[in-house]
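Presented sequentially are two complexes of subunit A, the first with subunit B as partner and the second with subunit C.
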Partner chain A sequence: MIPPSSHLAANLDDPHNVRRWLQTYHPKQLALLNNFEISLRLGRFSTRGCDGTDSGSSAQQQQQQASSSSKYQYGKERRVITTRTVELLRSIIGSTRWGTAAQLLTLLRGLGNELHAAGGYREPAIGNMVRRIMYAVRDEADRAPVMATSTSTTTTTENAHKMEVLTEQLASTNLRATRALSLSSVLWAHPQHITMKHSRQPSGSVDYSDRMLALTDSSDSTGAGGGSGGGDLSLGADTSASTHYYACYPPHYYNRRDDLRQSVMEAIQEIMSELEDLHKNINEQAVQHIHAGEIILTYALSKTVELFLKAAAAKKRKFQVIVCEGSPHFGGHAMAKSLAGAGIDTTVIHDAATFAIMARVNKVLLPAHAVLANGGLIAPSGCNMVALAAKQNSVPVVTVAGMFKLCPMYPHEGQDTLNDLISPSSVIDYSLLGDPVLSEVEFVNPVHDYIPPQLIDLYVTNIGGFQPSYIYRLLAEYYHSDDWDVFE
Partner chain B sequence: MASESDAPPPSSTPNEAAAASASAASSTAKAERKAKPANIVIPPKKPKLNKAERRALQEAQRAAKAGGGGAAAAVGQEGGGKAGGGKAGGEKGGIRTSESGALSTTASGVSGGDATVVKRGHSKSITEEEKKDATPDADDRDTRGNREDKMVSLFSHLPRPKSQSGSHTHHLSSLLASTTQQSSHFHPAIPTLGHLYLTHSLLGGNARCRAMLQTFALLLQSYTPPPTSRDFRHDIDHALLKPAFQYWTTQCRPHSVSMGNAFSFLKLAVANLNRELEWNAAREILLESMEAYVTERIEFAGKAISRHAGTKIQDRGDVLLIFGKSEVINRLLLDAALVDKKQFRVIVVDSRPMLEGRDTLSILSKAGISCTYVLLNALSYLMMREVTKVFLGASALMSNGSVLSRVGTACVALLANSNHIPVLVGCETYKICNRVQLESITGNELGDANEVACTDCARVGPSNRWNGNMSDGGEEKRNDEDALAGWKDQPNLKLLSLMYDLTPSDFVTGIVTEVGILPPTSVAVLLREMSPESASTVDSME
Partner chain C sequence: MNSHSLRTSAGQAHWMGNSVSEPIVPSRARCDSDKMQILQRMMTTQDEYMHSPMWMRVGNPGIQDRRKEMAISSHRSSVMIINGNSALTWVTTSASAGNAPGSNDGIGGDGAGDDQQSQPPRSSSSIPLPVAAIRVLLNVIRRSKAETMMGLQAELRDASDVMVNFAKLGGPIPSTSAHTSTNRNATTTTTRYILAGRSYIALSSGCELFLKFITRASLDTPHFQQCKVQVLDRGTRFAELALMARSRISTIGCSFINDGCTILTHGRSSVVESLLVRAAQLEKKRFNVIVLEGRPDAGGIKAAKSYVKAGIPTTVVLDSAMGYIMERVDMVLVGAEGVVENGGIVNKVGTYALGVLAKELGVPLYVAVESYKFTRLYPLNNADLPDMGAGGSSTSGRSGKEENGKMGIGGAKLRFLDTLAWSANSTAATLSPASSSSSSSVAAVSGKEEGYETNKVGNNETTTTVEDKMTDDLHPYIINLPSSVTIMNPPVDFTPAKFITLLFTDLGVLTPSAVSDELIRLTA
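Coming up: the complex of A and B.
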């Protein structure tokens, strides 16, 4: 048997090595990953996943999917993809041989990159899930930090290790208690201010020289302890580039801890159950937000909004829903049908009539593709217009979204943030383009809109309702600021 | 008179016709006297009635009155209004429903009761619509019940769209049938134009107004006042103008403000004729003034707007955003590109239900203007990015400065305003209306709700819309693809299609008229300056 720690230390030092590492040691898990990526690329989750996992109107959904297979509908399978992502990560993390928190984080980052490249950039929830598990890992690792006094913790006996852990736990609780009183701990719930952004740059700066020293020490010692150099060299080809990744993590992350796997798996299980209870938790708040006799306007298709409205209707609230059809994808049609089926008084309008009807609307419910760090919203294209019209008429805009849509990123690219331009086949019939006159015309068909936070009044999430200005604070509870940067 | 209007129309039952002809012998004087109220309900027939016919009607009417119940509708319309529910009433229901493309013709006494609602004077068209709304509701509960429920309560004050459902063909045939039966009274140009209005084959304030005036010119040319007439002005007004206009407005499609203004101009022109004039001379004067109206208020105005707005288009580098289709906007863009040789880009924004932007796109592309075509959903994506100016057309200008235009215009103006991009509205002064309106709900027009369900429309241009709907293949395809194909059978589900929306004046930077570029706050001033006479008369049309 190969001594795991040494190998992993050598190979799992760079996210780019993850695939090779899996290939060498865990071909089974690699196959899982490949399968997932293929499904993601081909968009298979929409057809297979929904009937299995979505408890909603599956028959109707199936029928719609059958009918609209040619139509563009992404975001529809989001919850399925999210759940599958967590399942995949769980099975990979649970059955592979990583030793330390740092290795696990590297593994996760590598997986994140993989998934991002395979289509995750379209589905921010995938990256979010990876980040959340990374945060859970950090949390677990921080809970009982082992002082990096000696890099040879791997060689200490079990008893000594446990002792150390205990003392460190005590120390950390003390530390935490003192920190709770300071201003910084109020602003930063977790020690995120120890960020080392520029440590990822090739040149180690002066400030980190001591840490770099310690790290080179550790790599040296592990390398010496591990021994099997041949594999290291062949697999970790770009060791020079990989060294600075060590700097991402605090020293105690490099200590081996046996209880880490157990607690990380528990954390993942928690995330899973949160995803499962997502709609239940959101829908519990429905009656707080929807009163009798209301006229609610919503845009296009959203499972979350649909279930939210149905939950309110189930509580015997009589209200009226106006659905914008969401041209050119017409998600609103399916939405309206489903809502009407649940006994809600539903009216479908053209998108163009949004402004006209807004004068009589009490509340606007918007679907979410992603929630951004500044409290802005990425929603189906056309929603910005709806939100603006609502603002103009002083109609409150409420967004219903699970926390898994919370993305640690800012909309630096304006309307291009997380956006995608897709085929204009739904905008214009290609047969018309045979006309030489029209062949010069440019057709634009974006998928999403960025809605600035000032146009949104409330986010209803599975952990409660928040105003947009509070979103940045939630980020600190869900992601570590070192993991914010996007996967490549 | 009521019975007059009821009896002649097509669906008259045989016995009613018999009754009418049987009693064809009576005073002419009375006929003359009652001629006026007759037009209240259903327009036409007055002109071509000969004496005998009129007498017959008169007689029938009087008989009805005496009977107190028989032809109660007539009585009802006179104001006496008892729910007699006789033949005439039943008939009325029949006509209504068949003309509005509905299915059943079962009539009952309810329509007689409805008749009591009728008011006189200005509110003619409104009452007409009220009745239309009420009658089918009561009459055809079982056959139409489903559809009636589909009315969005918020908009129940608006007249129902006439071309409901895919029964367009059915409607067409019923229209034709009704016209053949009325042919002795109705110039064929009237239903022809009506059909164009109804099917939306003729769209746009200018085009509709022009067509209306042309049709009136046609009617005038073939019209001679009856020898008995004492005042041809009165005859033209009541026998020619009003019936046709009311037919279009009530049976086909509510008139636009442009049509309303042109019509009141025409009425004014007729009223201003010298009574002593020979008919032929009067006709010449009328035709001339109508032509002048079209040239001055529409054609020249368009030219002037194009010139004014052209100064605001910058050569090289301007990216103009336009919405849908507007004659005056297209014209100014073409002028700027072809006459002034300016180089600019145009973003054509389009939206359902009409998808008129397709036409604009091909017009502008043919002129060599580089275009981008997007649907309304891409608006926020493009608006901030590159647009430098927004040009919008208008169906009407309210005197508080707000702009009534094709649905979606307000959304475009809103986004432009929020991105601080100037919005110029091109509008001829004859489209200024002395009404004020605050939001789009009070005054609007309902479109065909079925168009909402048909997602195919997104890809089919407006020109072949009807073809697609009518062919069997298209029908089946719709059922397969559209999520809302069976919406009428689904309880709780309603579809709403609005034709217009109101852009608040806050969103509008300037209004380009033939007299210059004005802030929207000056519309009321303009209205006063431009047409003091229309200010007083337009209102009577509404």
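Coming up: the complex of A and C.
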């Protein structure tokens, strides 16, 4: 059922096959992938510092890394990892021989799974980048499907049938109805919406999916296209034992498009340049948010917040910054040092003093680990307390985050969402654990806090400021809803 | 110990007069999988028509009807009335198949065991009302003699008006349904109660969505006949899509259920039911469910039965105990009759209180709802809700007698009963002595099936006699109010968006603010 032209990529129909596929046809790219994964696993990105791609304030970053290299520096390597992920994907996509949009999406999905696993599922930005590229692929594939099908539809051109196909395609081009599942796209009742996220059920599902299959085949397939859609469907159903979702792409994704590679590469380049300009775009807004004479409270160490504050200071704004030290990693110390170095009036407080000092604070500036789909925030552990104290005192809470931190996921697990428990060595000195009483005590060292959206007033991102209630909209612009939960 | 609640629910159901619902659910269980095929075959032979299950039949009026239609067809509007009537009966019967309180449990026991076998229980095998309505509209298209798109649209609008009005007001009752037995009358009365003004929003938004769908389709193809074919084809898919919404929602919503959590639900929603059942049976989540009783239609009690059947540890509390119970709840999960444009929901009365309470205690409130229930209303408070049939209030008079012919739709009659006194007396007499332990506000529904089974059998055999006895039992405990007392019985209330954490829909998980976005994009 696979289009005959692409016998080479014949087994690129399941994300689990991606590694095997690379091994067979593209050993060089596989080596690249392996290298990357190893560095990711060993956390090499942080020590190797910034490459040439990471332009801008690299000197400062180096200095930062030197100053606190022994300390907790989980947050600092993030942009490097993100950039390098996109680079890796660019080089793999650019040089491998995939045929259709569907295959490319499968490849990306497989790569995403690999990278996620290599990153220990701790770095949501990896998945976000893969999703964004997938979105770009879908976007390109949807853009001009009429052209593409005209090449493949040659034999079965019954008039009325073709008419229907054309109108369906017209619909998809005009309204982008295929892009995401929405109330208005439901109105078109495209068959892929019916099959798209069909969940596996123990009984009754068999005949259902069969019928769907028939629907897909009969209604708007053009021979090969729809047929392969069906093939993928059944295959997906077999292999997706672990995940409940499997992708069923629209029929025209199975058509060969020669211009796809070019346009996808351009889209990736756009993402790259967005990442490069990230801080520049965020910092441009600094003067809008930080006013003369204000007292800003921030928590621990964050590159984004640091640059944001410095950008405001560079504009000759006089303001005071209070930094919570951020126990147990004490990133706040490094932060304070860096800010003071830039001539900002800086005060360090211990975390427990947050509430006491909140009354005189004008604005709270929180770092972000991830921004969630409901507008909630994953931030360094301790930030929830800060946000609550701010709420109590009606102090606005502003979060500074690049859009690559936008995660299409919901905080299903509450405080455990995207969280990680790390070694308690920073909480308790191991030498003390010899004490028979202390050894009975459990030490917990969570890395992150989940902050519900109602505690946050504004997200300042590289594409502007948004309220938490608007985040869902950004998600729809950045990711396709089918790609939300492809990496598990 | 569970016999109180059971007895009570049975009793309540009886006061509301829905015991008549049982004749119309002959074999809905078997039909779901092959209903499309049956539907398509339906029109062909009268023989088949006569032998097809009744609720299948009604959407496709029989030969007599068609002849009648021919006779009157000189007049478009009359044709439409017939069409509309068939529409009505379809809706009413499938509504009672889907929603009828008794369809799957004791009261309306459908006799055949095949209902029980469908494991993800009744929820997945019944058709939601708006989907039934969409099918009716498809049939209207199929049988329409309109020559233009405008004509077709006008007919559809008429048909959906008839249906919506019926849901709203309970009438006009189809008098042309000659092909039905006396059961039919029973059906409509019941349905009027069942709809009770509640499903009106869902129905009208479903119809509206479909009309929009037709309009959009008509823009595609200039040629009318072609367009009609295409509309039918896509409309069928559209109905499929609407049907699948439920399973999609359950899949999405399950991830929000964590092991060991306690979920509070209110009212009876088939989406919520399928979600919870899926979580328990397919995803093997372990959680507790607390169900509010759901006066006056005992919706919660009925839902509790299906939860227990799915092996979920279930507790039933009185509606008024929601404040008491909230502190031990991890999340509130409700369905909705409609989702309005500002992201709030319209749902069974009590949801608003629940939402306010949940917010105060910091418990997330999730709403599981299909997207075709999104509706272009913008209520700011409860008074803004569209008139749900007979208003929300009625003056009570009389004792147990029917006051007049018209049953308050929105304000279905409320009876007030001293359940405690009744159960204290009646347990000794009619029930096994062991079960009177918990006359407190919390009655635990145990996981045992026996109670239901016996209840069911009793009902199946001699429904009327059992219930007559029950009324006699109840009679001394019914408290009669002087006629000067106004009784308000609003079927639904409006919960503003700020009390809602997230909506689980077939479009994905949405924040309340995303709802208006979807609605705006629909019209844009």
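The rule is simple: the second predicted complex is superposed on the first by the 357 of 488 C-alpha atoms of A that agree within 3 Å, B and C clash if a C-alpha of one lies under 4 Å from a C-alpha of the other, contacts with A are read in each partner's own complex, and residues count from 1 in each chain.
Just so we're on the same page, contacts are C-beta pairs under 8 Å (C-beta built on N, C-alpha and C of every residue); 3 or more make two chains touch, one makes a residue touch a chain.
Values in this document were obtained by computation on a predicted structure and should not be read as measured data.
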Which superposed partner A:Asn283 touches (first subunit B, second subunit C, both, neither): neither
Partner chain in contact with A:Asn462 - subunit B first, subunit C second, else both or neither: neither
Partner chain in contact with A:Glu325 - subunit B first, subunit C second, else both or neither: first
First (subunit B), second (subunit C), both or neither touched by A:Ile344: first
First, second, both or neither for A:Tyr410, with subunit B first and subunit C second: second
Superposition-derived comparison: subunit B or subunit C, residues of subunit A touched: B
Contacts of A:Asn128 with subunit B and subunit C, given as first, second, both or neither: neither
Partner chain in contact with A:Thr82 - subunit B first, subunit C second, else both or neither: neither
Which superposed partner A:Gly375 touches (first subunit B, second subunit C, both, neither): second
Partner chain in contact with A:Phe443 - subunit B first, subunit C second, else both or neither: first
Subunit B/subunit C common contact set on subunit A: none
Residue numbers on subunit B that touch subunit A, as the complex places them: 152, 154, 351-353, 361-362, 365-366, 370-382, 384-385, 406-408, 410-411, 414-415, 418, 439-441, 444, 452-453, 455, 458-461, 480-484, 487, 490-498, 500-502
Parts of subunit C lying in touch with subunit A, wherever the complex brings them together: 33, 36, 118-120, 124, 209, 212-213, 216, 220-221, 226, 230, 233-235, 237-238, 240-241, 244, 247-248, 250-251, 255-256, 258, 282, 371, 374, 501-502, 506-511, 513-514, 517-519, 521-522, 524
Contact footprint of subunit B on subunit A as seen in their complex: 64, 67-68, 322, 325-328, 330, 333-334, 336-337, 339-341, 343-357, 359-360, 380-382, 384-385, 388-389, 392, 414-415, 419, 426-429, 432, 435, 437-438, 440-446, 449-450
Touching residues (chain side subunit A, partner subunit C) in the complex: 160, 163-164, 167, 170-171, 181-184, 186-189, 191, 193-194, 197-199, 201-204, 207-208, 211, 215, 219, 244-245, 373-375, 410, 412-413, 469-473, 481, 484
